[in-house]
Every structure is written in C-alpha cells, then in structure tokens.
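The following blocks contain the structures, represented as structure tokens.
Shared chain: subunit A. Partners: subunit B in the first complex, subunit C in the second.
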Partner chain A sequence: MENFKIAIATDFNDALGGRSKSLGPYSGEAFYEEVLKNKFEEAIIAGEKLHIYLDGTKGYGSSFLDQSFGELFRKHGDKVKNNIEFHTRLFDWIVDYIKTDIWARK
Partner chain B sequence: MGKKIVWFIAFIIVSIPVNIVCRFLYNQTWLGKYTFEDKLNLVDIVTLIISSGLTIWLGIYIAKKISEQRYQKEYIINDLKSIEEETVYIQKELINTPTVDIIRLLDYTNRLHSSIDKFKKTLEIFETTCHPDNDLMVKFRTFYSHVTNISGSSLNLNNSLVVQINADCNDLILTTRKIIKEINSK
Partner chain C sequence: MKTIVFPENFLLENEYISEAIETLSMMISHNIDSYELDFSKVKNLRRGDLMVLVAQIEKSVKRGNQLKRVGNFQDGGKIKLMMSHLFSVKHDKTIHWQINDVNEFERAENLIPEVIAKIVKDLWKIGIREYFYPFNTFLTELIGNAVEHGIKDKEINWWLDREVNRTDKTIKFTFVDMGKGIVESHKKAGLPLKYLFSSDSKVVLDSFSGQLRSSTKLPNRGRGLPQLMEMIEKGWVSDLVIITNSVSLQYKDDNFAVTDIPNFRGTYYSWNINSNNFQKWKTLK
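Presenting the complex of A and B:
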C-alpha cells in the first residue's frame, strides 16, 4: 500500500520548467517547495517510503532535477536515498542520473 | 597508388619461387609416377560421399554464419548511424538558434537517448558486446547535463555555451564512429 506518492505529471505538471521559480513556471524549485519537500517529510514522520511516478511528463531537465531531488538530498542527506522509490517505464535513465550524477556527487 | 605498387612487387616476389618449385616438380615428372585404378571399391565410394557431404555442409554453415554476422553488424551500425544523424541534427539546430525553449530541448534529449537505448538493446538481442558502448552513455549524460541546465524556461545560447555544446556533440559523434570501427573489425 502506497500511502505517500507523487505522480509528477498529474500532481504538478506534465511540461516541466527549469531551475528557478522566479524565471519560469513549473520549475524544480517550485516542485521542491510546493510538493516534494512536504510529501517527503510526511512520509519520514510516518516511517514510510515516498513513491515517485515519473512517467507522463515531456521530460526532465538536469536543472529541474538538481533543484528538486538534489535540494532534497542536500537538506536530508542519505535518508533521501533510502526513503524514495521511483517508478517509471520510460525514464529509467533519469532515475539513474538522479542516483549516480546528483545524489552521488554531493 | 602506392599500395598497388607494393602489391605488384609482393606478387612478383612470391610468384618467382612458386614458379621455380613448379618447374622442379614438372621436371621430376611426379604426376607420371601415379597410376589410377579403374575399379571402384565400397570404402572409396563411402569416403567420397561422406567427404562431399561434409564439404557441402561446411560451405553452407560458413556461408550462413557469415551472412548472419553481416546482417547483425548492419543492424548495429544502422543504429549507430541514426545516433550520429540525430546528434548532427541537434547540433545544427542548437547552433543556429539563439534561444531554445525547454520543451524542445527535452524533446531533443529524449530522442537522442531513445536512439542510444535502441542501440544498447540491439546489442543485447544479438548478444554482442563492444568495448566503448558505455562511453556513449557517459558522453550523452555530459551533453544532457549541459544542454538542459536552464534557470528559466528557455536556453540562451551564448558563445561559451555554443562551444560547449559543439564539443559535447562532437564527442558523441566521434564515440559512435569509434564503435562502428570496432564492430566492423570484429
């Protein structure tokens, strides 16, 4: 049973923006502040995993990923690695990019 | 032209001793010493049939293997060529446009990744490995991280970024060529 989940395309938007919310809509910063941060903290308090569904969007920019998932990792550290589970059929390489290029280099 | 001359000289160098040996054998009349029996025995017939069968089977097997390998190579090389064409197209589009919308950039990177993924899956189907195929993904990631690192909703291609994107695209193109060379020489 997935009590905590985010389907990015439906819960946020299918056409994602860049890094900063002051420079354009549906940015990584906005996603982090409005959706990801709160859901993750709720899941941690409940002692459960946060399930993230990536399919349905037009794609993910590296700046969007860094400003959302990278920022979450900078704030919460290794807890993020253990408590987030990605689900995707189309964006396996994005999951790989988050885990090896964003979370590993911080 | 130089290669042709080398081949011609090599041909002369090889043909002279061969000619001398042939003359020697002819003078010794080796062929004249052999006599042919005009009766057939069962062992000869069986040997002839088996050796002919084996030769035909070996010929068919080798021809099949060679055509299979060629067919597989063509598929893999076509995938690599489509990666190169896709990269060249993106490179031209990005260099000739001062501002590119993020959705268009994501479309470019998704398409390029899809081509690379198709190539990797083709390698898996044919159970073929090639050394620098991981290189392709590394180069793609470098390109992806530069081209989609956008603050707002569009990418402004200033001079330094154009140089960077050009270098990333060229790296990708050269990597595909290296893999084509390796696949071709297998």
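Presenting the complex of A and C:
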C-alpha cells in the first residue's frame, strides 16, 4: 500500500525545466517547494516511504534533479536515501544518477 | 558611423571562422554606437551562421547601437531571400528589424520545457518516431547553461536553428547564446589557481570532463556539461562543434580537435542527429 506517492508527470508537469524558478517554468526549485518537500515530510511523520514515479515526463536535466532531490538530501541527509523509492521503466539511468552522484555528496 | 563589410564566406567553420568572428566582434566594439552593415559581398553562409549574425545584431541593438544596411545583396536564390526578409530597409536605410518578426529560428530568454519538448518531437521528420528522451536532456542542459551563465543578466535570447535534410534523414542543429562564453564565465567567477596559466581549451575541456566543476563556485553545481559530454561520447549526437571565447572544438573519432580562434563572446554549438544516434541509445538502453 503506497500512502505517499508522487507521479511527477501528473502531479507536477510532463515537460520539466531547469534549476531555479527565475530561469523558467517547471523548475527543480518549484518542484521541490510545491510538491516534493511537503510530501516527503508527511511521509516521514507517518513513518512511511515516499514513492516517486518518474515515467511519463519528457526527460530530466541534471539541474532539475539537483535542485529538487539534491536539495531534499541537503536538508534531510541520509533519511532521504532510506525513505524514497523510485519507480521507472524508462529512466533507470536517472535513478542511478540521483543515487550515485547527487546523493553521494552534499 | 563605422561600416562593417561582411566577408564573401561568412561561415563559422574551417578557414573562414576567424574572419567571420572578427566581423561579428566589430558590431559590439566599445565607443561606437552606429554601424553600417554591408552584406553586398556575402556569397556563402549557412542558415545557422545567419542565425548567429541575428543573435549578434540583437545584442548590439540591446546595447543601444543603431544599425543600418548599406549595399545590395548578391543575386542568387536562398541567401538573398533569407537576408532580404531579415534585413529589409526603410527609406532611411535603417534596418527594419523587430525581434518578433524573426520567425525562422527558435529563441527565448529563459528555459521553456514545452519548447524543448516540441523540438525533440520534430525528429519524426527524419523518421525517429519514438520520443528521444536523452535529446530532451541534452537541450535542457544546453539551454539551462545558456540562461543561467550567459544571457539572463543581458536580457537577450538564446537561439536555435534546425536544418532538416529529408534525403539523408539528418537534422543539423545550431545553437548560440551571446553571453560571456564558458571560459569568461569561469574567469569572472574566479578560476582555481591551477588554471591561472591554462589555455582556454584546457578550461573548456575540463568543464566538459567534470574536472572543473562550476563557475558558480557552489559545490553541488557543474554537472550539466559533463552530462552533455557523456551523451556525446555515447554517440547520441554526432559531429559536435563548440565555439566559445578563443577556442573551437570539434568532436571526431572520440576526441576533441582544438583550434585557436579570435575571441567569440558567447557559446556556439552545432551537431547532427540521425537515426543512428537514436539506435545507439536504443541499443544501450
């Protein structure tokens, strides 16, 4: 049972932007502030995992990922690694990139 | 008033590149605010080179310069048609040029995901029917870098052109931002000491390899260019050329060939995409 989940394409947008809101719409910063941060904190309070569905978007830039999932990691540390589960058939390399690069350093 | 005579071969390639860049640079020289542009000798230019010229005109006009066209165009189909449309003149010879009238190229001042998605979708014109996800990422990195480090504080556009060759089933892309350029961005932010005496090509190559992380100095930055490099090395785009500041790089046979050039204040990329690039990604996936 997944009580806490985000399908990025439907809960945010299918075409994603860059790092910050000042650079254009649907940025990593906007996703973090409007969707990811709150959902993650709700899941943590409830003692559950947050499930992230990556498919359905047109792709992910490194700046978007850093300003959202990287920012979450910088705020909550290793709790993020243990409490987020990614689901994808298309973006395996994105999951690798988040885990091995973005979450490898603060 | 300074007259700038554009060369016969206004091409950002091979032996013509230095002259083309020097001509572009004249349009933003200091202490001059009025230019006459003479295109009468131009015989050869590509659409992508014309777009770079338009981007430089935008930058010059944003600086408050006044531009006039003098002389006629060379006779002969395509070039005359393109230039006549972009550089028509009023009776006072001032270039009648409104940025909103330039419909030939994609452009924007920021990163608009819907525009990128549309450009990727256009690959169907060369038979790529499935969505080429890495190309979306490629463009997002490219445009994100241009906006963040190049044009945001100048209020100018990034520009992109597509030349579709339906016979070869290839699209040639040209992208340019007339910001500071990769090397100058790093220098402005303060290069690490070990780069104090390094060539521009070393700075650019290390930016792409990830050894020189970011001109923002923030520890979590600088992943965009290495991401681009990975896609280039995997063969998801072909025939890449980068021109920025005093260096031109051409990716061929798994290596960058480096050429020193006059300072190009901005960042230029051109590359090709065909079904082989798409198949390489599909196979790897």
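By our rule, the second predicted complex is superposed on the first by the 106 of 106 C-alpha atoms of A that agree within 3 Å, B and C clash if a C-alpha of one lies under 4 Å from a C-alpha of the other, contacts with A are read in each partner's own complex, and residues count from 1 in each chain.
Please note the rule applied: contacts are C-beta pairs under 8 Å (C-beta built on N, C-alpha and C of every residue); 3 or more make two chains touch, one makes a residue touch a chain.
Here the structure is a predicted model, which means the values were calculated and not measured.
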**OP:** Have a look at subunit B and subunit C on subunit A after the superposition and call it: clash or fit.
**Re:** clash
Original post:
A:15 contacts which: subunit B (first), subunit C (second), both, neither?
Top reply: both
Original post:
Is A:70 touching the first partner subunit B, the second partner subunit C, both, or neither of them?
Top reply: second
Subject >> Which of subunit B and subunit C A:89 touches, first, second, both or neither >> reply: neither
Subject >> Which superposed partner A:62 touches (first subunit B, second subunit C, both, neither) >> reply: both
Subject >> Which of subunit B and subunit C A:25 touches, first, second, both or neither >> reply: both
**OP:** Could you figure out whether subunit B or subunit C reaches more residues of subunit A?
**Re:** C
Subject >> Residue range of subunit C overlapping subunit B upon superposition on chain A, of 63-71, 171-179 or 189-197 >> reply: 171-179
Subject >> Touching both subunit B and subunit C, residues of subunit A >> reply: 15-20, 23-25, 58-64, 66, 101
Original post:
What residues on subunit A touch subunit B, complex-wise?
Top reply: 15-20, 23-25, 58-64, 66, 93, 97, 101
Original post:
What does subunit C use to touch subunit A in their complex?
Top reply: 110-114, 116-117, 120, 131, 133-137, 140-141, 143-144, 147-148, 152, 219-221, 223-224, 227
**OP:** Mind listing the subunit B positions that touch subunit A in their complex?
**Re:** 102-103, 105-107, 109-110, 113, 117, 141, 144-145, 148-154
Subject >> Interface residues, subunit A side, partner subunit C - complex >> reply: 13-20, 22-27, 58-64, 66, 70, 74, 90-91, 101-102, 105-106
